[in-house]
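One chain, subunit A, appears in both complexes that follow, with subunit B as partner in the first and subunit C in the second.
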Partner chain A sequence: MSESRLYGAVAEFQTPEDLLEAARAMRQRGFTHMDACTPFPVHGINEALGIRRSPLGWLALVAGCAGCAGALLLQWWTGAVSYPLAIGGKPLFAFEPSIPITFEATVLLAAFATVAGMLALNGLPRLYHPLFQHQRFQRVTDDAFALVVEASDPKFHATETPALLRNLGAADAQLVEEGD
Partner chain B sequence: MHDVNQAKESYYLDAGAWSRGWRLLLAGAAAGWAASLYGWATDAYDFHGSYLVNYLFFLSLAWGALFFVMIQHVTTAAWSVALRRLMENAMATMPAMTLLFLPVALGLNTLYEWAKPGFLNAHDPNMRFKAIFFSQPFYLIRSGIYLAVWSVLAIALYRNSVAQDAGGSVDGAARARRWSAPGLLALTATVTMAGVDWVMSLDPHWYSTIFGVYVFSGGALAFLAALTLAALGLQRLGMLRRAITVEHYHDLGKWMFGLTVWWAYIGFSQYMLIWYANLPEETTFYHARFASYWSWVSAGLLLGHFVVPFVLLMPRAAKRSRKVLGLAAAWLLIMHGMDLHWLVMPSVHPHAFHIQWLDVATFVAVGSSFGLAFWHRLRRNALAPVGDARLAESLAHHNA
Partner chain C sequence: MADLAIRQPIPLDPPLVEGNRTYADITNDVARLTERKPPRAWYIAIAISGTFALILLGMLTHLVATGIGVWGNNQPVGWAWDITDFVFWVGIGHAGTLISAILFLFRQRWRTSINRAAEAMTIFAVICAGIFPLFHTGRPWRAYWLFPLPNFDLNMWQNFRSPLMWDVFAVSTYFTVSLMFWYVGLIPDLATMRDRAATPWRQRIFGALSLGWRGSARHWNHYEKAYLILAGLSTPLVLSVHSIVSFDFAVSVVPGWHTTIFPPYFVAGAIFSGFAMVITLMILVRKVYKIEHLLTMNHLENMCKVLLATGCIVSYSYAVEFFTAFFSGNPYERFVFVNRVAGPYAWAIWTMFACNVFVPQLFWFKRFRRSVPAMLAISILVNVGMWFERFNIIVTSLHRDYLPSSWGYFIPTWVDVLTFAGSIGLFLTLFLLFMRFLPAVAMSEVKGVLPVPAKAVRQ
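Up next, the complex of A and B:
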């Protein structure tokens, strides 16, 4: 355990307001590799931590467009090029009957990309996280609001950062190791 | 310390602004009705056609409001509470809309081919069943039932909500929820039937089982657009400045986006089945609408009522911009008018694309009457349900 690398510092706050204030203060001091763990969604925490909007919407859009184009191409190629069959006096390819398949494929691929993209962007599934080492971490599912400063942050310092967090009102600030 | 002016919210319209609006609407009603009456006296057929389009336009806002209010109640939605009184004011125009149905009823013999003597005796095998429906007394009784159902629901829900303003009890919310669940069933059944009776029967030979839903979907979308514009307008007048936030507009934008897709989905469902079956008695509807200039209106609807708002409202930033959202809402209302025109006019004037001055005159007449019924409610009552227990939650609403 002792030679394990440092993951970061975890500071525990009692209210969402304290957490927001501390997050803003840390960001003003130039910290960028931060995260918050809270029992419920805290409005404004993304802005306070400087977390940018997820690119997930763009993933869904690209996948949806691919599904749309793919379905149209498939129906046109199979129906009018590869194996043309005139049925009921209908054209070999027309937009009208192709729309349901196109619509479904658009939705399907967009949904797949959204779920898969959400998992990938979150780094899930993941069975272990260094924060599990922290003794009091379970409380963030109950009544504590944790601010995590990762050791990868250029501004991170093993003794000064926890002290700073305590100065900002943290009830408790501890270091957490990677512990692999 | 809170600044007093910041903390105080204007939940009431000031008397000056109210009177200015009231006088403007009165003038509009006087001019609109005078012109409409003149049009009716000179060409009753043209009058009834235009009147039906514009009556449906404002009626669909009222039933859209009723639909949306009941949706908020059955889902116990909190986000929309700050906006709910605006919806309720639109919904409470229902008794006035019942009165405004009179010219439609009076135009029965003029506008509807099936109401003309001798029509039902014509040799059309499809008419045997339809003859039951195509009887004038039965049509009027049905119409009366629809309007009565909507008026009773609207007034009951409105009174219940206003009674809550004094505060204190949460019983009102439970009562509204109990009314709304059966109310939604009654509303959807009657609105779809009204669509069939008042619009589809203009072409008595043609039928489409999804037609009523199509009329309903367009109205629901138009109401969301009108609600967005009403909220933007009142905020510009200085009301509800802090109550309605960008988060509420964001949700209104999501609803408009979703209902745009719903409208297109229903419209396409009807079109595709008719295209595929290609039966002469079914294709007549599109035949008339793909001929001459009407084909441009049809293409315009596909583009303007679906593609443009779909792309415009997709980005998050667009839904959070008052300018873009206001523009989209105004555009969608114009498209709704065009949609109703496209539904009614090719049956009334089958041979040519038809725009007439009576379209404007009846729009002003019905619109200002609808406006008066709406505006009248703003005089005394608060602009938001100030006694609702969930108002605070709505004011703090935040999209993830």
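Up next, the complex of A and C:
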């Protein structure tokens, strides 16, 4: 029976404003390995926790360009090289009639990349996370706002950190173990 | 711009959610709909719609077993009810994307109560739409020939210069992107369902569907970006889809079809009919499920205004069509339009004018915009009118073209009629199942627009 390692401390707040206040205060005290779990996006939390903006836009741009180039290549190669089909004296390949399919392929690939990229960057899908062990964690998808301080934080202390969180107005602050 | 923090103050007057609800109230109000036994009306509704969905199955089986001759389309009217139904259903889908993407980009925050159900409606409408061209091909099991897959039984490639191929790409992209957009929007709510699941099976199913979502700030950061990009992609996509559907007609040389106003005219018509369908469904949903505080009278009034605006654009397009026919000096083009208002199908175009041009004008009056029976009647009439619009475009243009010796009069068969009725049954069945099993209102989004910071009263 191995001793389970500590994942971190979870503090529960009742409003987004309280959560933001506490997050800012913790960051001022030098905590860096923090996260917040909320039922809806709380604005300002990224700045308070030092989360950088998502690079998803670039991913979508690259995938969109690939879709655009791929569709043009497909229409040119199939129509003008692999199986030339003369219809009504029209050119075998021209940009104008290729626009609709090129546009659709651009959108399709960019959308795929956005969704796949969002899931990948979030590490989803995943079956298990230590926070799911926490008794009160279920409420963060309902009406609670949780601030998580990970045990990997250099300033983390198993007794002092929860106490500090309680001082900052947390209704509840508990330790969560890593689990198996 | 790092997130969607371009937050405008949440309008407090009138509030987007009525009745001083807290965050937990919203969760309860929405999640309970799927956790309790549904109201009696739900069982009655699904019994009826399910019967029609089975009729659709029967009709399609009959068609595959016999051949597409069971439909009434033949020379000179080679496209008839099937393509009318296709355009009708694709058009209905457009309102869902408009609400979820375009109103999102314009920061119309009232959309949060209706976007989930409207997006579901889009997906189900596109499913119904897809059935018609698929079976019109006659051999639906060869449908993969429409995609550029290397195949050895054909040994040739698709003709990408054909608008019908553009249509395949447009509609399939539209369906895929709408489905992804809808699912991404559902993930946080599926996690809510997982966390309040009362039985192990519910927990497992919603656990798997929510993909391990835990509402982390890092999740939300990427999520909101993804949502913004998808909205940005869906906006031109939805405009392109009905434009491309209109190319099926506009790129041909049939009088009455070969006209440049078709793309914007089709898009406006699509949004018009789609909003009518959203109004019809929302009225029924809020009544049956008693969620009038979430889907408020203000939401309905806003949608009536959109209906009025798009109705006016559609009326203008009709006027332009007639003017262009007159102004072109082309005798065939002129004949088609005279034939439409005074020929054998005149009853159809006058039905269309009555439903699409005159009836929506009632929404200039606040009394009609805030009366549920009036809205229900008008929204249903608009969809009748919009079905006839497509019927007019397709059938009256084809039945009398250049050669009087090949003129004819199209009469639908019973299979045409029952297939269309069956597609309505399938649409409603899917919608009722959605209402029963998935959160029908976007909880995480509604919580973000609650008028009073709920629970702000701290002990």
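Here are a few things to note about the model shown:
By our rule, the second predicted complex is superposed on the first by the 174 of 180 C-alpha atoms of A that agree within 3 Å, B and C clash if a C-alpha of one lies under 4 Å from a C-alpha of the other, contacts with A are read in each partner's own complex, and residues count from 1 in each chain.
In this text, contacts are C-beta pairs under 8 Å (C-beta built on N, C-alpha and C of every residue); 3 or more make two chains touch, one makes a residue touch a chain.
Given the structure is predicted, the values throughout are model-derived calculations rather than measurements.
With subunit A as the common reference for superposition, the partners subunit B and subunit C occupy clashing space. When the two complexes are overlaid on their common chain A, residue A:43 makes contact with subunit B and with subunit C alike.
Number of subunit A residues touched is higher for C, counting subunit B against subunit C. Once the two complexes are overlaid on the shared chain, A:57 sits against subunit B and subunit C alike. In the superposition on chain A, A:35 makes contact with subunit C only, while subunit B stays out of contact range.
Applying the stated contact rule after C-alpha superposition, one finds that A:97 touches each of subunit B and subunit C.
Of the two partner chains, subunit C is the only one touched by A:142; subunit B is not. Of the two partner chains placed by the overlay, only subunit C lies in contact with A:129; subunit B stays clear of it. Once chain A of one complex is fitted onto chain A of the other, the partner contacts of A:166 are absent, as it touches neither subunit B nor subunit C. Comparing which residues of subunit A touch subunit B with which touch subunit C, the overlap comprises 41, 43-44, 53, 57, 90, 97, 100.
Subunit A makes touch with subunit C in their complex at residues 14-18, 35-46, 49, 51, 53-54, 56-57, 60, 74-75, 78-79, 82-83, 85, 87, 90, 97-98, 100-101, 103-105, 107-108, 110-112, 114-115, 117-119, 121-122, 124-129, 131-132, 137-143, 148. Put simply, subunit C touches subunit A in their complex at residues 1-5, 7, 22-24, 27, 148, 156-161, 163, 165-166, 169-170, 173, 176-177, 180-181, 183-184, 188, 191-192, 194-196, 207, 211-226, 229-230, 233-234, 236-237, 240, 244, 247, 443-445, 447-448, 453-456, 458.
If you check the complex, the residues on subunit A that touch subunit B are 41, 43-44, 53, 57, 61, 89-90, 96-97, 99-100.
If you check the complex, the residues on subunit B that touch subunit A are 268, 271-272, 275-276, 278, 314, 316, 398, 400.
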